[in-house]
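Next, two complexes with chain A in common: one pairs it with chain B, the other with chain C.
And now, the complex of A and B:
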């Protein structure tokens, strides 16, 4: 009976698995297969199998390595800023105060702005001559920084814009997590004389760890694959200061080099998977072996 | 079988034959597909001002011919990518508005127009503009909108200082220096120094003038030479005499620097000059002079003609040709140059339009445009040129951002060219 039920359960899973296979795995395998070919759209009759030649080409290309570094810096910077700001806001909004609801709605507004529109707006704000940001900075005697044309500032600028857009997401996820934490544990900690910091460190953080991990994983994967904001704000420049793996992929794909473009896509997937694994290990404590039962 | 049964069988058989005949009539026999008879064309077009000019005049064509044109417009940065992807996968375009460097790479997917062109009177076209649509002896596209770099200068400021427009690159640097006064927010020249493609083209035109070639006669990279170095040094010197934020400048920012009266000179494509003469947008309209870009060992303004081509796999070749003829006609050219200026312009490849007194009044730079077109130099006509130009763009971006020094950049440009050409 139990075996029959298990078989039936697996049968019910089958349509969903087939659907996932069709929309996820098939394109992925096709992409991996294409990455093994030298396929240039301009020469459709000259498609050659090159094995791992495209991957070897990438490994030997300093521009590709630089793109990995830029992507890692951007992802780390953006996720850390967004996580800390989102957590801070979530803790703040977990306390009752007047006008909490309307302020919370206002805080979420950037989430609803189309990324390209938001980035275009920031491009105007950052404009060195007519931008509102430099106008006020100049009024304060702080000069007119070249937000998008200075190689160091450009990376900071795109990180700021990404943070503006996605801090509300972090806030939303962590705030939802905080709202469902059991009040009894905090009361017990207070009875035991725990300070606010001790209560946060030893009660809130462990209980919120899974939520934090989900938020970090989602944002980490998104930031690693960020494209639209960088495309609109800097196009990967100045020089290659903000050329991420996605920008490099866009350039290669735009020139019709399908094999190399797909190889970059597969490498991106591998890097994102590795990043997720590292985050998983870092955030979640290792599982302890079950304690032996007392005789 | 009885007689009545036989009669019934004949009647049933007749109905079957009639039904089969009706079915056969409904199925098209071998021949041109239904779409070949269609009067709707799909055009891949550059989005923005040039698209506006076309849309404003398109009803005339549609009324005259009964052919409907559906425009699929994309911004400059995406247009080549979209066209390449569409053409190489048997896409849907009948017509393509192409920047001239794209003609060689995409020629494989374009219909040769030589026989059709023989039926046209080509004597009115500026000869160099016709060459923009040719590759390896075949004509794949016709010129629609000829563009070329011009030297734009403030006549009023030059008169105040008693200076003449510079004729050589050394004079250009000296003149820019004479006008450069950052304390008064007055700068010598407006060009771009960003990762925009325009920056690479400024460098290239300066190198050309010194005698260097991006791809030399042996088919190898040719800028890591004394001539290339001299051209690059002049370009870098000019960046020092430009507004402080040129490292984020694109095409429109060069216009803005002139329109706001910040720069005494600019090297800009002719299509950018029209908005500079718009009194509602420009504080210096009517105060500008136009001449050829300076020379060194030779005078080589860069040619950049927008052309119209027909996809080889289009089922509407005849209708597409009707559109191509209209789009390159004197009639369209006259209407296009009279369209109110906004951010860019469409000119005409026809001598009669550019020499027309009305045109000369509307476009104060028409004479410089025509003179420049006659001596303009084309970028290398190679199938691999899009790759070479993109490599040039990114290397020049590294140079202007300080990631590469001049010597390393010149070597890198040539190495990339050789790698792409398999040399």
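And now, the complex of A and C:
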């Protein structure tokens, strides 16, 4: 490339990059700083430096550990359900059938519905007395489950709603991955007498492994930070049954305990950064050997 | 391979329940928005009813719906413009200029998307309070542009790389500067990409809930916050809530149906391209 190219490139890149890193980095650094203080929103004159006191308080708080457990259960449950359902649908769509395109569009709709609205729909459906779900369950003699107010069931319910919303994402990503697999490999496997299962296990899975991993990690991080759905459906309740780390952070923020709220944020960020690092390791190597980049 | 009859039946047995599960909630809330109070609570649930518009009327006149709609629209349009301007420049920069560590920087851009919003919103709230920007369009706008920008950049890189270099070189020989080439040659060719990016940015802002919940009070309150406010109790405002929910998701559904081909490409791009 010609001489002034580097400078021209910088001119194009800098505005966006500066904006992005300023808007993300400044609050995060500020957050790390505030997390070292005993800082209540309603007592602005009584701000004291406490070092890692908030972090120590967090580590000693059973509610925080409970939130870690809830977050892990929700994330793992949601990702596994969504992955299996998405993979199943992708495999189904890999063999053409009639009306494939319109059906595919319809299946994608939940992904584009405003999250708060999607959760609201389910809240209405789940309603123990007025809800349509319990009416028909009762007709079938299955009783009236308290979908959102039973501690165990509530976690299952929010996982279901999250699955409703994001199975389409898993489906899309895995389907796009399947579409670019070379057909010759499957033909060769068939010629060699491989069964359906064998060709899936030994051809599809290894070739799709990379995309599967990326999809799992992206979804894992998204589920980990889910807020809207839980807020609308249960608000973290009943009690602390669905109080994920994000919901706990929101509640502590609502109490006005800024030092602690920021400490929770910093811990969350460290956890997400660890997941990001795994993703980076997973994503970078294949790109280095990639030929000229084409979308 | 020609699909056999058995396969078609099997496919349908899987797809019908999946479609029902996917579409029923959307149908049910849409139906509820046209029901009378009586039909809403009827046992057994009413599948056939005479549609009425009372719920819409009440939402539009009893709460300042138009003000919230204006808030949502102004912020969403502002987000779209802001992320398109910054995203076009950066996307073109990444597509046409290679420098040391450029793929790392490009990945870091995507990483900023990963920061949980709850982590960002707490310090952001304190900073906006200091700047006097709580409950303003500007406060939300800045945040939303930073949410939409990483994706905009990644999406546009893909579209800009597709623009043939020869066309750009020809324009440069004709005396166009780099910016002129971008404005007069590249953007017209990559226009579909810009439309997709615009829609994504619009939806990021339109859908956002957490920042709106925490940063906006009365003045800058957006529609998702209004919807969530309804749903604290399914009881008395069920019909109005449904009507408001339908109006809020309508733009999303329309945009999805109209631009599904591009949306599919946009969504899978990050993951599949790697």
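FYI, the second predicted complex is superposed on the first by the 249 of 295 C-alpha atoms of A that agree within 3 Å, B and C clash if a C-alpha of one lies under 4 Å from a C-alpha of the other, contacts with A are read in each partner's own complex, and residues count from 1 in each chain.
One rule holds for everything that comes next: a residue touches a chain if its C-beta (ideal position, glycine included) is under 8 Å from a C-beta of that chain, and two chains touch if they have at least 3 such contacts.
Computed from a prediction, not measured in an experiment: that's the story for all the values here.
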Check the residue A:12 against both partner chains and state whether it touches chain B (first), chain C (second), both, or neither. second
Which of chain B and chain C A:253 touches, first, second, both or neither: both
Can A:26 be said to touch chain B (first), chain C (second), both, or neither? second
Looking at A:96, would you say it contacts chain B, chain C, both, or neither? Reply first, second, both or neither. second
When the two structures are overlaid on chain A, which partner does A:57 contact: first (chain B), second (chain C), both, or neither? neither
Of chain B and chain C, which one contacts the greater number of residues in chain A? C
Regarding the shared-chain residue A:114, is it in contact with chain B (first), chain C (second), both, or neither? second
First, second, both or neither for A:240, with chain B first and chain C second: first
With the two structures laid over each other on chain A, which partner does A:42 touch: chain B (first), chain C (second), both, or neither? first
State which residues of chain A lie in both footprints, the one left by chain B and the one left by chain C. 253
State the interface residues of chain B toward chain A in the complex, per the touch definition above. 77-78, 80-81, 84-85, 88-89, 105-106, 108, 194-196, 244-245, 247-248, 383, 386-387, 390, 394, 397-398, 400-404
Which part of chain C faces chain A closely enough to touch in the complex? 1, 3, 7-8, 11, 14-15, 18-19, 21-26, 28-29, 32, 40-41, 43-45, 86-87, 89-90, 92-94, 96-99, 103, 105, 107, 109, 111-112, 114-127, 142-143, 145-146, 149-150, 153, 157-159, 161-162, 178, 182, 203, 206-207, 209-210, 213-214, 223-224, 227-228, 230-231, 234-235, 238, 241-242, 245, 248-249, 252-253, 255-257, 260, 263-265, 267-274
Sites on chain A touched by chain B in the complex: 41-42, 44, 63, 128-129, 146, 148-151, 234-241, 251, 253-256
In the complex, the residues of chain A that touch chain C are 1, 5-6, 8-13, 15-17, 19-21, 23-24, 26-28, 30-31, 34, 88-89, 92, 95-98, 103, 105-125, 127, 130, 132, 135, 139, 164, 168-169, 172-173, 176-177, 180, 210-211, 214-215, 218, 221, 224-225, 227-228, 231-232, 246, 249-250, 253, 258, 261-262, 265-266, 268-269, 272, 275-276, 280, 283-284, 286-288, 290, 293-295
